[in-house]
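Here the structure is laid out as structure tokens; the discussion comes afterwards.
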């Protein structure tokens, strides 16, 4: 063990490996995004294209679509590492597992969450949102999507050792997403009434802070259970 | 804590403890259930507005309280199981989960049944009912995670982790749902307000809550005994127990 | 250095081994023998700290590994059935990634070692395109790039050709001579190569 080798290097190694892999199979980045887009397209077709109705439904639609497309990529976060044995290698490393996990979760967010944030203007256009609402949507997605990655990764870590973990993971994770959904959509709703929505964002931010600290611990112990 | 818990780390001692406690719990439950139900359903005065239909609170409220209480005790058992590596606490988590889920279902069904005369609909997105529904999802998550694992040792630990994650989230979920409800409904119908309830109804309610707690205890103890025997079935003490009949 | 104290393992309601005790000191090599299903892999995974023993404990340098796992992990090299080699990455990337997450400097001789293992010209193609034996060699390259005190290897000779087996045995000798310990499972006969080979024999129990 070399002391000069810092935690940062471990973090970077894990993070960049996941990103490299994602860029080598671009479908991993593109597919959840396409899914997000298609789900959003379905709603106007289902409920009718009246602009006022769409604008009223938009926050809910965008956020439910965001929840679902986050779930798509989640199963992959630990699955490949579990199957090829890399997870054991990470556990049998002298570095703290929560740090490794943090890097992996942030990599997942960079691959699935960040593109959704960046695509938000397009969705806002489809949903007939004005700039004010777009800003609110962007901000909630920016704070909310990492939160989804953190919470979701707990479910992914618990089910990674199971043959058909995917559906079970959704069952475990979606109820935990409810507060995020409530506060994020309410922030957008509030902004549509031209009221201050800093409160909701602050609550989302607080939840993110708590999740960033607690989730890696839960994920680490879940991974150890899955590997054993 | 450790000194006190340590003897019960042994499965055999935990099993004996269950056996000792079970009769007391059973007697307590039977007595308080009989008293509580007769008092609540027959003797307590009828509500001036809801007439006799309010009497469902003697089932609804205790089961709702116990659904939360069972989840908390499950989470406490889960923390003990993970921190002190006690397998019996793990088994306790597994033993409590279905009981708590059953309490949640009872609370939901009675809540819906009560909603029909009160609101004219079986289901209203009332904050408490919604929270209760989400609580049921959390219970089902723990249960299905446990049953998804073939190796029951991993299953127990995974269920413990999920129970702890759930209990941290539960207040947040509860708070957010409450807040969502006030946001969307303006004035919510509070169907039960402790400060306004008459003592003549409150006392039977307390008795019923105690009875339901006792009932959860009895079922959990029986389930825990089974879980212990199931897991330890290759041990000599279990074989002795079986051969003795 | 490594002490296994009355370890018991029950899997799927079958007791694999009960109250198993042995010790492994610096410079020693130990082979775990037994028929398929006897619990060799389970034993190695318990000792490596991935699985918990039903009873008993594993002591590394005087401390239980469950108490201070990170200290143990710093001195542990584990290669299991699943080697931890990613098929999408190249051999070189795989080795570098492993060095990074284990806190070793990226050695300058990585290409030399890969060449020595017969992977000349294959360093920069995705590992999934290589043969099983070559993939195994990518994982085994770690043996030349670490200073871990304990090596735990589950069937390291699988899929290797004769030359590979010889090379691996030479590297084992190297590890022993610098005071490391090796615990492995294999169906190869190692007695001819290591005179001081210790053995643990697991029986298949019903």
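Note that the chains are named A, B and C in the order they appear, and that numbering of residues resets to 1 at the start of each chain.
In the analysis below, a residue touches a chain if its C-beta (ideal position, glycine included) is under 8 Å from a C-beta of that chain, and two chains touch if they have at least 3 such contacts.
What you see is a predicted model, and the numbers here were worked out from it, not measured in a lab.
Measuring from the average of all protein CA coordinates, the nearest chain centre is that of A.
Of all chain pairs, the one linked by the most C-beta contacts is A-C. Taking each chain's centre as the mean of its C-alpha atoms, subunit B lies 47 Å from subunit C.
Centroids of subunit A and subunit C (each the mean of its C-alpha atoms) stand 36 Å apart. Distance between subunit A and subunit B, defined via averaged C-alpha coordinates, is recorded as 32 Å.
Residues of subunit A found to touch two or more other chains are 228. Counting only residues that touch two or more partner chains, subunit C has 52. Multi-chain contact residues of subunit B (touching two or more other chains) are listed as 153. Those residues of subunit A lying in contact with subunit C across their complex are 1-2, 4-5, 9-10, 12-14, 17, 20-21, 24-25, 80, 83-96, 100, 224, 227-228.
Within the complex formed with subunit A, the residues of subunit C that make contact are 45, 48-52, 70-71, 73-74, 76-78, 80-89, 93, 97-98, 100-105. For subunit A in complex with subunit B, the residues that touch the partner chain are 154, 158-159, 161-162, 165, 168, 171-172, 174-176, 178-179, 182-183, 186, 207, 214, 218, 221-222, 225-226, 228. Contact residues of subunit B toward subunit A in the complex are 82, 134, 137-138, 140-141, 144-145, 148-149, 153-154, 157-158, 161-162, 164-166, 168-169, 172-173, 175-177, 179-180, 183. Subunit C meets subunit B in the complex at residues 10-13, 15, 52, 54.
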